[in-house]
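Take a look at the structures listed below.
Both complexes shown next keep chain A, but they swap its partner, so chain B is in the first and chain C is in the second.
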Partner chain A sequence: MQFDPFVIPFNIGLYFILIYAVVRSVIWFNDLSRPDKLRLQRGFFGKTFGQSIKEIFLESLIHRKILKSNPRLGYMHMSLAFGWFLLILFGTIEADVFGAHHLNAPYKSIFFKFFNPEHGRAGFEAAYSFLMDLILAFILSGLLLAVIKRFSSKVVGMKKTTKLRVLDKVALTSLWLIFPSRLLAESFTSGAYGTGSFLTGSLGSVLASFLPAQEMAYPFWWLYSLSLGTFFILLPLTRYMHIPTELFLIFARNSGIKTGDQPGAFREIQIYSCSSCGICIDACQLNFSAGITNIQSAYLMKGIRNNENVSDIAFNCLMCGRCDQKCPVGIELTPLRMLSRRAGETVESEQTILKKYFPDRKSVLPARPAADPSYTFLKQYEPAKTDVIYFAGCMTHLTPAIKNSMVAILEASGVRYNFLDEMGGVCCGRPLMLAGQDREARELINHNSQLIWKSGAHTLVTSCPICYKVFKESYYLDVEVLHHSQFIKNMIEDGSLKLNFLRRKVTYHAPCELGRGSGVYDEPKDVLRYVARLQETGFEDKNSLCCGGSLGNIKISSRQKSMIAHDVAAELTKDNPDILATSCPLCKKTLAAATTTKVADISEIVADAIIKPAIKKKLTEPAGKVKMQADFQN
Partner chain B sequence: MDRFGFSISKGRQIDYDANSRHIAEFISEREPSFRVCIECGCCSATCTTGNFTSFSLRELQILMKRGENEKVRENIKKCMLCGKCTLVCPRGVNTRNVVTLARQAFQKFPANAV
Partner chain C sequence: MNKHVVVIGGGVAGMEAAGQLRKTGFEVSLFEKEEKPGGHLNKWYKLFPDRRPSSEVKEYLDNITSGEGIKIITGKTIEKIVQNKNQFHISDKEGSEYTADAVIVATGFDLFKSARKEEYGYGIYDNVITSADLEEMFRKGSITLVNGRTPETIGIVHCVGSRDEKMGNLYCSKLCCVTAVKQAIEIREHLPSAKVFCFYMDMRMGGAYYEELYREAQEEWGVNFIRGKVSEVSESINNRLVIKSEDTLAGKPLKMLVDMLVLMAGMEMSEEGLKLGDSSGLKRGDNRFFSPADHHFGSNKSNLKGIYYAGTCTMPMNITETISHARAAVMDVIEYLKES
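Now for the complex of A and B:
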């Protein structure tokens, strides 16, 4: 029987973390809603299983997404995760092939060198030792980068790295100690027996030349085992909990489970899957344009994990969704933030050690107290029956050029339409949702839904992406919801709208709520290509910037907003376009204040390009309309 | 004595000793831009809610600053937070946060507390 007391800390840690991971997974599974449970079962035993395994290999081990966006940082993560995986895999094979028995206990493969010091002298054994040394060197190179990153994050191409808590630091130190102590322990043993390959062998012989290798090896085997044990035991209290959680997350996500707009177990799983890598910090415009560095998603996730009151963090965000796109784990950060907003102020609670290992469920949020309805003054009326409803939205009423252009386009396209909020309508409800006030938002949604339903329309066109998102997601209506860019594209393609080509250079700024928020990237650009020469910017589609005027953030000052707007406008007008196009009234208003380039909504550009019918307008035309036509011509 | 349809008009002074400005202080502590409002009324002019009912953020801000909170308590919930007021404000007051904070404050401090 090969055994030595030094393996005990490792064994305790290993079996603890294995049992713990199983228990937590069972709790999470139990907390899932019934449909989600079924989804996960179907996903786990179905065809998405292979896809999940592939994703675990590519993302959790290789860290492909980080490698793509930042090779140095990706290498660091890959060497630690994939290297460690290889070390365990090949260590197990080594113990199985060269050891005394097959199917060994885990500690025998981890501490193989200690129990088989004579192994690896010649032939195939030596070649295998070379491989093991190579893997160890691979991990150590990544570890070196990680240590340097702690002191200077620029080395790995990151501007900011996350700040850590005490327990995180202890766990981080034990993680850092694992591989150097393994290196030293193996080297001393190799030095004493004259074995080992290029790394452990040569380091061992150098050390053995002036140190008593045989005696020195044992303490380092203890250190190796202790650091492994400590790391495993502290893991659930720290951000390293992301390692087991991410596996669960990948299976859950591939099974089709989504955050949705209700808290649930999936929220908790995602919160624990965040590794605090800090990529969201670099992606955040509040960081690089406005200098706000303590509210990014990594801090939100950390705050929720530690039961802090996160309402200040949760509300200080543009909700632009850039971090969602950049997150290498694929956590739905913006929906999670919406859930935190809805919870409002939370109470910070005392944390005992047991509480830390088995924290309060994060799948339930405190309910806000019920209140009387707020908008009883809104009166229903009978809107005219129509086919298409045009809902300009509050913001569009502040940019009348967009509203007027849309009226001209609707007139020119010849559809039967009704301008629902011509005299000013009720807000769509999304701003209230963004402020975490869902109950109030629901009142407005009900009011608007009834109006739309009564009009008998089959299509709803809106000019405001904020409205578009909420109409699409939170209204239960039997109408086709279109943003005006989609509507214009349809009109162009079915020939209802005839357009001239304008000899203008245009760059397009994709609004957050329309692009990342609703996935409408192509239609606005297609429309622009019909009427003007579209230039690429460095910030296309998923990588587009937020203008800074977002209604998502109710905390930042107007000065900080304009700092962001100026940065964005400068980036987008680098190639000196004639027009900076956008498809959101709020973006237009924000960007127009930050640049000297003409900023226009795509509806304005299209209205400018409409081919005027050959028939002269009647002289009895209302004065407003004639004036509007004149406006478009210049 | 004949009454000619006149009477002594009611006192219209603002009694700062009786009024409590705690709501206004709660807001300006958390949203400093609340203090720079010049009460020009642009917010009320553009207001979505103001289109439907007699809701005026300008009035409510003045009342809160005076400490006459009861009318504000009734009315502040009518705001739809659409944010037009923030955009038109010439002083850069973050009006959406002012309204949100006012609602929070009224929830925190029940009706008859000073």
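Now for the complex of A and C:
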């Protein structure tokens, strides 16, 4: 027996999805920018190839990251992906070794039992059948979890799971039917012929005892083939598109391609790589502190895939980056959200089926109409020549305790500095950028850049992580940009700053923009350990929380922000520290309003610990003047 | 046997309620957390709008609460009320228990803690003070800067902690405007050469003779009113305060140097009231004040029968309103005790 009509749906589906994957990949490759094309070529044929294969095995099949963070959910994903992979692999070997011919058409291995019902009676064949049953059982156990998850997400350790669309439901049903129909088809056939191992064999003999197994088997082989075919054909329209897309993503990412600030093929690849697993929903503080459950990254990705107007979703986000860190696929969710913010309102459009299979590449993100920013009223002036510039920023001016502490620290460390915005300055530009208004932000950046150039400084110190990130990434300056935590650490290490040890218990809240945003995790904690007793909070580094005061969200109310802040403050003060320390004026302000524990910036704690010089400076003289006179005498 | 009523809080509302209850023949115990009764009244200098000394009102309240029938217990903070049939068991911080047939809660208000608005620099800059600190200076009779000098320019910031979504207070404390006007006039009385600038969002002069006082401040005392909130305060090199604001009538940003800045702290639910309410099951509103059973015809009734509210534990009120509200609470108590 070489062929039976029931394999046709499967064959149509399989060849369709294979051809589709190739065509779509070619389109994506063509849409990459020239440098990205070169990167991908180098990556594919170069050293990173092995790394990509390893990552595909560990992440796409084993789902290592999900396993680590949530073993039950990880097992579910692993059993379906890795199990199916094993079934295909060992099925192909089985057909090759035990089948009539070598090098069979794919359907021969998928429907091996149908074409070789007598196989697996004894010896090595029986052992092999046992292995195949074991793999099928492995998949079915995961499938059981998936079905339960759909109805009660708590079972797999998740609080929320994603909601589905109609096509997703059809595809999901066909996916769910694949393995039970295979089980029943194989069991009936085994029952009829007295073959099969512990699963199909036993089930088969039970079924055969009261049902006509020979006649019952055939419809289930049809069902098996139909569900496979349906699943493959619908796959590009559903979230299961992530299965083939993730392979492309892993190669692209390992080749060094990044999201950047322009939409393009890599954006689309990432959007289609999202499996809607829902891990970002559980990580999101808007979900677990403020009860907002429809704006998380999985929904943003889905909205973009479905060509919806996602501006409401895109702007309702703290931009804290927690989901980026938790995403098992490693999608750059926050940069993708920024792209949607830059686009502003998008037009929702009806799509033909063909459009759904091949989305319009050119009109993905229409550019925002050009605005006419004008900051001509800003005063131009010549700043004093100096070594170090201190830029406090708007938020630090609203928290004068931090500003005063930094002045005290700069004075005590003896550097020649200029407090650039002492009497008020111009915004660094980041809030405008977070709102997607890059052109306007560029005006402010140019203004500040000129001042900094003119001062001749070699170091720029900021107190605000928001300013720090933008000075570091979006300004083209020939100065070393330091957050004050880094500056203080340098000053302690080179002996310029002498500090006492304060007998205080301190916990540290890592600000999003400084930590996940800029990768500065250690310096603030090092400084704190130098002056006080630092306690762990369970929300260290990448797992740190957002204070809730984020400038990135312009959609939620102050009340919702305050709900987040209260939850965070409660978590970080549960071991009763004397001080809840942070290194961001906005975090300080937000958390101070949410707890009775003293909240302080690290600069305030350090300023408290400064060892006062033996000889008192004359208080009537401005501190800077005393320093200059001392220099003059030398 | 005489019925026994406990009044919690010995401020204006509590003292008035206790005095009126005694008149009707009940036995009254008045609990006050401080060492002497009087509440915030003890700290005020003169009262708006007629600027009579606060001591006159204090004298009246002392008179009606002295003598037999009222036991004033000071230095005791009541933490919990538990109802047991017709009896109320009231316990204080130290764990002592008292019983009563009815309770009037008159825990009053706290002034907004101005250090929470760090941008105004209270507790950071020497010469940023609150309206309560200024009353203290008036009582002492000298308005001076920390270095002993006399201020020449004084700024007054309205709505500190009121109508402020970020501070969690959406409501208007309604008396800070008239307090600012009163204090501006008093500054000019004490320091005839000083300039006074009030920064306001809206002038809410909704009380008898408030508007007249506002007019007097402008016409007779030359107080300047600028419509615009202060955004931030910093210190200049010679220790003066630099305030950033916006003159929203002129539509221009504004920067001004002043010697002293007075913050008109708003009214918030008192901490003791919060604790007592939460441990005793008394309902509170979104503004954290006690929520009366009905805002129109049951503003003294709590959600528990036999417990009544008097005064600013339900909303910001001036002294006149507080006294009326306390008398109304007494009416509710009489009715309740007649029934039971």
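Heads up, the rule we're going with is that the second predicted complex is superposed on the first by the 615 of 634 C-alpha atoms of A that agree within 3 Å, B and C clash if a C-alpha of one lies under 4 Å from a C-alpha of the other, contacts with A are read in each partner's own complex, and residues count from 1 in each chain.
Throughout what follows, a residue touches a chain if its C-beta (ideal position, glycine included) is under 8 Å from a C-beta of that chain, and two chains touch if they have at least 3 such contacts.
What you see is a predicted model, and the numbers here were worked out from it, not measured in a lab.
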item	value
Three-chain arrangement built on chain A, chain B and chain C clash or fit	clash
Partner chain(s) touched by A:L398 [first = chain B, second = chain C, both, neither]	both
Touched partner set for A:S558, first chain B, second chain C, both or neither	both
Which superposed partner A:G123 touches (first chain B, second chain C, both, neither)	neither
A:C427 touches, of chain B and chain C: first, second, both or neither?	first
Contacts of A:G291 with chain B and chain C, given as first, second, both or neither	neither
Contacts of A:K589 with chain B and chain C, given as first, second, both or neither	both
Dominant contact partner of chain A by residue count, chain C or chain B	B
Which superposed partner A:G495 touches (first chain B, second chain C, both, neither)	neither
Touched partner set for A:P5, first chain B, second chain C, both or neither	neither
Chain B/chain C common contact set on chain A	397-398, 423-424, 557-559, 589
Interface residues, chain B side, partner chain A - complex	33, 46, 48, 51-53, 77-78, 80-84, 86-89, 92, 94, 96-97, 100, 104, 107
Touching residues (chain side chain A, partner chain C) in the complex	397-401, 403-404, 422-424, 557-559, 562, 589, 592-593, 622
Contact footprint of chain B on chain A as seen in their complex	345, 369, 371, 374-375, 377-379, 394-395, 397-398, 423-427, 429, 431-432, 435, 437, 440, 444, 549, 551, 554-559, 586, 589
Residue numbers on chain C that touch chain A, as the complex places them	116, 118-119, 121, 124-125, 165-168, 231-235, 237, 242, 244, 255
